[in-house]
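After this come two complexes, each holding chain A, first together with chain B and then together with chain C.
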Partner chain A sequence: MRRLTSGGVPGFVIRRLLLGIIVLLMVSLVVFAATQALPGDPALAILGRSATPQSLAALRKTLHLDRPVIEQYLTWISGLLHGNLGISLAAQEPVTKLLAPKLVNSAVLVAVSAVVSIPLSVAIGSWAAFRREKVFDTLSSNLLLLLAALPEFVVAITLVLLFATTVFPHLLPSISTIAPGSRPWDHLNYLVLPTLTLVIAVAPYVARIMRASMVEVLESDYIEMARLKGLPERTVLIRHALPNALGPVFQVIALNLAYLAGGIVVVEYVFNYGGIGSALQESVLSHDLPVVQALAMLIATLYVVLNLLADVATIVVTPRLRTKL
Partner chain B sequence: MITGTGTTASPAEVATPPVRATSLLRRSLRLWRTRIGVLLVGVLVLLAIIGPYVAPYGPSTPVGVPNSGPGGKAVLGTDYLGQDVLTRFLYGGRSILATALIATAIGLIVGVAIGLIAAYSRNALDDVLMRIMDVILAFPQIMFALVAVAVVGPQAWVIVLAIALTTVPRAARVARGAALPVVERDFVACSEAMGVPRWRIVLGDLLPNTLGPLMVEASLRTTYSISVIAALAYLGLSPNPNSPNWGTMIQQNQIVLATQPWGAVMPIIAIALLTMGTGLIGDGIARTAAGIDRARSAE
Partner chain C sequence: MADISRRQLIGGAAGLVAVGGVAAACGGSSGGTSPSAGTSGGAVGTPKRGGNFRLGVTGGGSKDIMDGQNIITKPDQARLVSAFETLLLFDDNYQLTTNGLAESVTAENPKLYTIRLKKGIEFQNGKTLTADDVLYSFQRIGTKANGLTGFAATATMDIAAMKKIDKYTVSLPLKSADATVPQTLASYTFCMVPVGYKAFPAPQIGTGAYKLKSFTPGAQSVHERNPNYWRGGGEPYFDTVTIIDFSDPTAQVNALIGGQIDAMTDLPPSQVQVVKSRGMNALVSETGGWLPLCMAIDMPPFDNVKVRQAMRLITDRKTIIEQVLSGYGSLGNDLYGRFDPGYDSQLPQRNQDISEAKSLLKSAGMSNLKVDLHTTPGASGMVELASVFATQAQAAGVHITVHNDPNYYSPNYLKLAFSVDFWGTRAYLNQVQQGSLPNSPYNETHWPPKSGLGSNFISLYNQALATVDPNKRIAIEHEMQRLEYDIGGYIIPFFNDLVDGYSNKVQGLKPSKGTLNLDSFGHGFRTIWFS
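Coming up: the complex of A and B.
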């Protein structure tokens, strides 16, 4: 939005917020239209073979299927805003009740992966930049390049082969089924392989950007100045270089967290981990559209919010960008 | 494996080296990583093409006891239906490679067109196009494909279309980012003054001068398409559930990893080498483009 530039940082935040809301509205239209395009009658799908014409008509009325499409959309969207996501066709339960425990499981998995991968990749990237073109840099850069190309299910099954079944059998569980009622942190060893997979999927990107950003910062005048002042190298790196190098990394971290929201689909399926990812896979296979709709909106919202936070964080930590606003 | 825009920062920031695509490719082949990448991709493409002709059995022919280990009639053992693992492995690359290449090509062509038009328009059209791209970008690639399959069904064209459609905004962003500085260059103004039609400026002036980042993006997108399509098959969403397909093979043989790992290990190695190969080629081109750029700015 080059033509609408004024208001400094608050103006920027408000503009991005409005843009995010517009994007989400359009996303909701796409998701709703997709389900409208579906052949077949949702009421029939819910009642199944036991349906009678009377019960079908009654259910159509409660589902507002007899109303115009625009009204149906408005009902659906206001339900979304009130936390009413409809009834799952497969489980015959409210979608919110069905998804709430799975959301917790996924959130734990993503949070643990983020807590492990972000500091790790920042450290790897910084060290590689500090020891530029030395052994560690060459090795880590090439290894990360190769790991970044691997699909996550390939990484996951390779890890299972290595640590659960074939090379070192029974070191770690090959499936991580969280029993209903129990919490992911009750069995920490269940979390190891899924977390490791997600870390391997995300860390290469963050580490690469961190390295590039750190290389640039280390070549800058103010770092030379700090060194010429005779500051110890530790101080130069941690107090002067690191904070400045982290700016561009925020964007990548947020994008990768948003990516994790989608990437967990496959990883949760590999390990049979009961989160929103495997719920999405199941609901797709069983054509459970209210659940698919809810998950699509949830993941898209997460993506938009994280992007917004990334943009704001980048602006806040990079003073020279602020003057361009 | 990032299906989002996690890496758009790097190729987009590579300023546009005005070199011909062929010479960029030739130069990038001086790097070992590009050579290894080309070798890996070449071997696997060859395997996918000639595999079905050299396979010892038919893809769905039972040749022995299910899940038996290597030896006897089946060199790599049999799968859960007693089908020959080696045969199914040799058959399994075609559909993934074909779907990935078609989908990526469609997505790149449309995306690059949108990106270049947005960059060249210099008006509200730019904003409108890029906001539409943002809407598609709000769906992670695999999730978009899953929703499409949920609504329409796991037909091949649905998967191709879903992957193509999610490739579009990612390619458009890179193309736009690369074209924005080119639009301001004098030779574009010169062409405009000469009355060259706008579509010829886009094709003749903008496109050749953005090829460096676009080639990097192309190899990146191919890598992602391969992994998303393989992942969909792995999730049980391929057009034909018993077709020999590397993704499906991994899913079917995952349960017996401990006793007969070959059914899953072979396709895993193949997919890993293929995506590593395309990744290496992309990195090689990116490095070469950046190197040419540095040399020019040093002159």
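Coming up: the complex of A and C.
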């Protein structure tokens, strides 16, 4: 047992990776059961009223539904491990080929949103804590609460009304359709409103946690000590307070990023942005099992990886935790 | 969504008309060669060349296709008409014209048609359209394994016995008399393709106004102007046409107002004023589309004709149009095929009559009737229609439980006593073939009765199909409609309008009675232009 809990940071990462793999295996069982193995005939659900005995038999063969459940699962999971996600039923082409450009689109959107929202919210949260109960703190706290309470589609539609259609017509594009063959960064103005929506969806949570964490740190003895030593306030804040306040925030950032990956459905819908969110919605509607399964696994993997990164980051900035390993 | 597509698949197959056009088509009247005769945009202003026309369409997805004789989703319809054309053509009043690829389609006798092509029509690659292409096109549709939309409508055609008479003439023998053949030939799933044609990703070469440049299913397709388009007269006008998939009408409306698209399909009625207030236009087209409440005439409680009659009298059609369609529809009279010359508009308009309904139910011994009504979000309005009707039925003491079932189109479909469904514009006899005969693919009401009054419906139908004289045929059709009006199983509260949106830059769009959106997509994008 001792060996399993030792090894410093690398040992911790390895342990967490193994745990992550077990979690993903369990997720794969749930995804498989929910889509394929539960009572009811997926082939019938897919074909609907156009089902004929021949087409049902053919589809069951394609989906391996004519095999025992265990074998179906093993076929699917081994395909998954070999990077073979199957053939999309709707598009009749490999799932990987279908999803690759959409994955790039979504990844760019999430990355840009993260790059904008994380420093922004850390800065807002820190400054609010530093200026506790002053004007900036009161204003930002209330505004963030208000924004956090707004559902994303309200934010998105309000932004479109403001900057694209009504208040300032044609200032920014009202939709962000990425034409096939082009990349999201080819038209940077297409990214503004979707990014802004996601930033507004995520930043309030991160900023509020940052503020709470910073308030706590600023009241601690070692900050008082640093101040008493006569260190400049800037140094106290950035060098001593910030690293210690960031620990709990990493967890929230990771959760929010993972949420972004799955939760951009609404944003992609409103802006007609072709990413994995809209692919998920469409594949569910059209009973495209291989695509649904692939996306569920993809999003689950992202959750596991981001949580792992957050834990590692927390440990790296928290010496107390590091020495316990 | 999937289910709509599948229905469109088959609906389009027989999206044809029965009577009416036969005379015009059989007459083989000339004059069809003049550019855009009868179907031109006809709006103010002289058409101007140039521009990229961007159309936003909902209903598409990764199962989008491009095929000159097949559609799965709505954007597929727009793609199809941009590049491919039919032998005959419906005008904006849903009447047949010889404005298509054929100079004439003539019935030599009830079981033999002759198709004469216009001379000198070229495909987009410069090849001339000839009888061989017509033969290939029919064979492709008539091969069941190809799974094309039009296959169902080839049942009466003896395609194997079709013959090339000369370079531009083809004979089409029938297995059984079918006066609806000319309407079939004007249906958009009966477009002519060149010999050896295959669906996308093979090259898409048609006779139409725009040639496919690029296509990504679920995203968009780009179509280039065909400079050698056979109609001449400057058509078509745009340099390019871009068809963009949308998953949501809100994004579509925003894109239209924001200037990122020039036209959109299926503008939600609630958005009509919004769009108009921003200087855009709504194109409201009366169609022959309808949503029925379907009572299975051989299942309790509807096997009692009095119950069916009572349910029809419970229906407050005006309120349904207001509440389900936001007013965008016209009164139905429990009959379909409204644009057919054989449609019997003389039958009295049925209105709500609760006391009569109550007394009918009482005399049927069903005063406290409880019944389940099945529906699904298969087409817009289906769920709302069920709830509104359930509310109206309370006034007559009928308790209706609405079941909104996402798996509605399961093996139980067509075996339900009471359900909601949807249909598009069709001529009367074509609709009968699709939904009101024992061998119809979608007979929800199990019409006609097996014995007694109405059991002669099938023989009337066959009689009508074999009758070439329009007046005689209309008389038979009236007899059939009288039966359905008196004792049928459909409640047809309305015919819905198609509402589309377009920017004020776009000229040439007119309301059309056809099945396709936006004036049949600006007649294949050739009769519209930018001001």
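The definition used in the following text is that the second predicted complex is superposed on the first by the 276 of 325 C-alpha atoms of A that agree within 3 Å, B and C clash if a C-alpha of one lies under 4 Å from a C-alpha of the other, contacts with A are read in each partner's own complex, and residues count from 1 in each chain.
Here, a residue touches a chain if its C-beta (ideal position, glycine included) is under 8 Å from a C-beta of that chain, and two chains touch if they have at least 3 such contacts.
A quick note: this is a predicted structure, and the numbers were derived from the prediction, not measured.
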Superposed partners chain B and chain C on chain A - clash or fit: clash
Touching partner for A:Val69 - first (chain B), second (chain C), both, neither: neither
Contacts of A:Ala57 with chain B and chain C, given as first, second, both or neither: neither
Partner touching more residues of chain A, whether chain B or chain C: B
Partner chain in contact with A:Gly274 - chain B first, chain C second, else both or neither: second
Which superposed partner A:Leu98 touches (first chain B, second chain C, both, neither): second
Which of chain B and chain C A:Ala179 touches, first, second, both or neither: second
Touching partner for A:Leu150 - first (chain B), second (chain C), both, neither: first
Touched partner set for A:Val160, first chain B, second chain C, both or neither: both
Partner chain in contact with A:Ala123 - chain B first, chain C second, else both or neither: neither
Which superposed partner A:Ser88 touches (first chain B, second chain C, both, neither): second
Colliding stretch - chain B into chain C, listed as 61-69, 97-105, 169-177 or 277-285: 61-69
Shared chain A surface residues [contacts with chain B and with chain C]: 157, 160, 165-166, 169, 174, 269-270, 281, 283, 285, 287
Partner chain C, residues of chain A touching it in the complex: 44-46, 48-51, 88, 90-92, 98, 157, 160, 164-166, 169-170, 173-175, 177, 179-181, 269-272, 274, 278-279, 281-283, 285-288, 291
Residues on chain C engaged by chain A in the complex (per definition of touch): 1-3, 6-7, 9, 61-63, 214, 216-220, 244, 246-248, 250-252, 254-255, 257-260, 278, 407, 409-411, 413
Chain B residues within the chain A interface of the complex: 1-7, 9-10, 33, 127, 131-132, 134-135, 137-143, 146-151, 223, 226-228, 230-231, 234-237, 250, 254, 257-258, 261, 264-265, 268, 271-272, 275-276, 278-280, 283
Touching residues (chain side chain A, partner chain B) in the complex: 1, 19, 22-24, 26-27, 30-31, 34-35, 37-38, 142, 145-146, 148-155, 157-158, 160-161, 165-166, 169, 174, 201-202, 205, 208-209, 212, 248, 251-252, 255-256, 258-259, 261-263, 265-266, 269-270, 280-281, 283-285, 287, 289, 292, 295-296, 299-300, 303-304
